[in-house]
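Below: one structure in structure tokens.
A, B and C are the chain letters, set down in written order, and residue numbers restart from 1 in every chain.
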Amino acid sequence: MALIHKISGNFLEDFEIGRVFRHKGGKTVTEGLFNVFTDFSMTTNPLSKNVEYARLHGYDGLLCPSGLVMNVVFSQTVTDVSENARANLEYIDMRYGAPLYIGDTVESETTVVGVTLSSKHNDRGVAHVATVGRKQDGSVVMAFERKVQVWKADPGSNIEAGKLDTVPRPDCEPWIPPYDAGRDYASKAYLTDDDTYFEDFSAGDTYEHSRGRLVTDEHIALTGQLDNTSQVHCNQTLIDHNPGKYIGGRLIVFGGIPFNLCLGISCPDVASNSPTDIVYPTGRHTGPVFAGDTVFASTEIRELREYPGREDLGVLATTLRGHKFRQPGQGEDGPQRTPVFELERELAVRRRRHYAS
Amino acid sequence: MALIHKISGNFLEDFEIGRVFRHKGGKTVTEGLFNVFTDFSMTTNPLSKNVEYARLHGYDGLLCPSGLVMNVVFSQTVTDVSENARANLEYIDMRYGAPLYIGDTVESETTVVGVTLSSKHNDRGVAHVATVGRKQDGSVVMAFERKVQVWKADPGSNIEAGKLDTVPRPDCEPWIPPYDAGRDYASKAYLTDDDTYFEDFSAGDTYEHSRGRLVTDEHIALTGQLDNTSQVHCNQTLIDHNPGKYIGGRLIVFGGIPFNLCLGISCPDVASNSPTDIVYPTGRHTGPVFAGDTVFASTEIRELREYPGREDLGVLATTLRGHKFRQPGQGEDGPQRTPVFELERELAVRRRRHYAS
Amino acid sequence: MALIHKISGNFLEDFEIGRVFRHKGGKTVTEGLFNVFTDFSMTTNPLSKNVEYARLHGYDGLLCPSGLVMNVVFSQTVTDVSENARANLEYIDMRYGAPLYIGDTVESETTVVGVTLSSKHNDRGVAHVATVGRKQDGSVVMAFERKVQVWKADPGSNIEAGKLDTVPRPDCEPWIPPYDAGRDYASKAYLTDDDTYFEDFSAGDTYEHSRGRLVTDEHIALTGQLDNTSQVHCNQTLIDHNPGKYIGGRLIVFGGIPFNLCLGISCPDVASNSPTDIVYPTGRHTGPVFAGDTVFASTEIRELREYPGREDLGVLATTLRGHKFRQPGQGEDGPQRTPVFELERELAVRRRRHYAS
């Protein structure tokens, strides 16, 4: 006869260097999840809207947008890695691989790469982890590292800092269907924004994306549909009992939501003719998002590069930034732009002369 | 090095008479979209609920309800036609054609039929447009005209009013599976409301539909799932910075939402035994709907007609009206019925002697 | 020329002993419904998340979680049985049968078993009914009885109380795929919580499940997606015009929602290795849930039993309880635990030595 209160998730003590977490559950992508997330993101890329277009371009079906792939893999890590985290500090070397389709099943695992102790606070430290997500055929859909600030179970426990000699870096190259000169890609070019081919971009330009999207308390259901179990997104009672402990004293929106939304908002300006995102060398949440915030984004074009081995494509190296505005009455100076997200983002973009003429 | 702020959508200057907009994106109907919209509408028609029933009645699968067909086609026109519109004035000659199933992909295009200038305000005018939505096999699922009040980009620009000599009117006849005397339709008749056969209706009767449905801020996600990009439905910051410019100073619910909801609320009384809506000769939004409003509907039966060439069916010519009530405290006289929607609606209805005896 | 206001649902006068209601509509389970409800429940059972895992365990595809099966069958009865009910009093002998998959279609019927009149109030009474839900092949997916307090249409009408001599009890045994010693179940055991095999439980233990979930006004859409037409969940105007008549003077959350949520919240502690729930001998809602409440749950293990004919499984007889906390400021004593749900629950659980070693 016992009262059992199992603790979900791990604490800093559990992050032994080299330990591998094989995450629970796994996730089959249903048409329900696809619909909710693809459209929530406001993406306008027809690869994720129009199956006829996707097939013309060499895909087997509707393609999960990059933001959904990221959200599925990342969320699988939450119970083991960040259910007891204080903050998600940094995304590192986040790479896309095999295409993810409706019906595919993703499983993920995470290796503890390193642990750093806080010099100021003895109740926490930083875990550096590397995650890989694979689908049922073993192919890698995404690999990334991240750094996360994790609570200790016992502030007095003795933990040794350290780092693996070699950070595991699984093969993960974006799969883009081969260019087929016999296909009439141009016949469906009207479905995309015609000023978003590689030839249209110039390094140094910044796009202020015109659309914004209010995030409502729908974020709770969205986060649940990703199997993200972190309580700071959905347990109002937890917050109410100790509001001072939580940022803003409110349920905070899961970072994957503004991440996804910023990618989508940028789409009509930079990604309408992109077959896939390639890599996010680094990224972080620069401010919290709460229900009631309207999220906006901008993209700075940093560099244009050749796509190795592909004359039909180029690479855009960009910085994607998300922001919101202080709501009326929230500040002395009225509405004021407040950053919430920053992501180094490299994406593949089609060249007009191969696809639209 | 430039700061680029692309303008989404067109202004009155862009509506050259005869111009054709081939709308971007296209839309494949997923089971996710189907689920959300079919049930959001509160429809009780088993053609959209029960695939066994749909097959017995000669369909290939679950049938998209009329309100979903309309929402998919209409929403595709928003970026080009009404992203910079002040108001959607009128639906005209809205006709249904080929059945829309899960997995089908819809693309739409719109022709500018006419332009009228405002005599009072030199910053706006009315565009008259004709839209057709087709699925992947080229068949027309819906065709309609509408009139929309559009802002000019520059109040001083000189625009010529005019109209096409002939408004394009593509073939668009509702497809209803042929009657098959060998099928035991009656075996599943218990799935519908048994007082909704053609024999049950009388011209002049009005049905006050008994159910109402609160619209919450879910409307933002619903509108996004339709790829409707209009900012007045989802950009709270836009409203907050200039509330006087927007009706009610609030995010307004996309008209397709109450349109869809009124169709569904009417279903148990008039459309439970309807294979399809046929045509909406005219319709308009007679008042705004906001999150927090509960939507109700009524149907006036105006006329009963034979269905040409089909002894098993009849045509109901009706007027569908939507309304809400002022919320307590909003008016001196307490709750008061306020119209929000009016639609001339003709629908096909089965005859009892062919289907239920 | 008439004004017609059809009354939805039945009153106590309509519950003739022995009468059978064949419920309208029916419901095909789409991937959209599956996604929304599976994840809303916060279940962590991979049979409903990961189709590869489900197939390894002998299922044809992703398995609808028990809470979704219950919600689909129960909701089909609402229009006929409880649209005019004052309260749902008790669930009785709620049994699971054939597995429910995406694409299956459920139809349900309900027999009136008995009627009891209120000794205090002549405007109401209690209907005792028995419901069975079948899928397209005729197999029973769920059977249950319930007692519901129903309004009379006319307080003066003369109704005879009574009860059927024999309550119909259709065959309904849970289908669990046969154990196959040749399958490498252990290869996927990492996907479940490894302390939830039958060997891990002791009678008398109580699990305080660690997660809670805020229920927002999303409950309106969820309830609509189940085709539950009861107006007390979605018609704000109805409530506003006569708040004193309704519990809490607010839209009340459909009982199937906290039912589903409590099952899911308990999953990581008791049902992660459960192939199915077997039976709920009795259950009831012990308090209302409103939008804004965070729902929690606990499970008391009452008894461990052999599973007849299956060495690889055991039966857990448990009591599942749901609760919420008074919100700050709602009571003198601060947060206080308030019960909302209680369910006797028997579930099948795998034995570790057959599945994980």
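Assume a contact is a pair of C-beta atoms (placed from the backbone, for glycine too) under 8 Å apart; a residue touches a chain by one contact, two chains touch by 3 or more.
Keep in mind that what you see is a predicted model, and the values were worked out from it rather than measured.
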Classification of the chain A:chain B interface as same or different, half of numbers criterion: different
Rigid-body rotation angle, chain C and chain B, from Cα fit (steps of 5°): 120
Centroid distance [mean C-alpha coordinates] between chain B and chain A, Å: 35
Multi-chain contact sites of chain B, meaning residues that touch two or more partners: 30-33, 35-36, 217-218
In the complex, chain C residues that touch chain A: 30-36, 39-40, 42, 44, 46, 49-53, 62, 102, 190-193, 195, 202, 204-208, 210-214, 216-218, 268-269, 272, 292, 294, 296, 324-325, 327-328, 335
Footprint of chain B on chain C - complex, ascending: 1-8, 22, 24-28, 30-33, 35-36, 103, 105, 107, 136, 217-218, 220-221, 224-227, 229, 231, 234-238, 240-241, 251
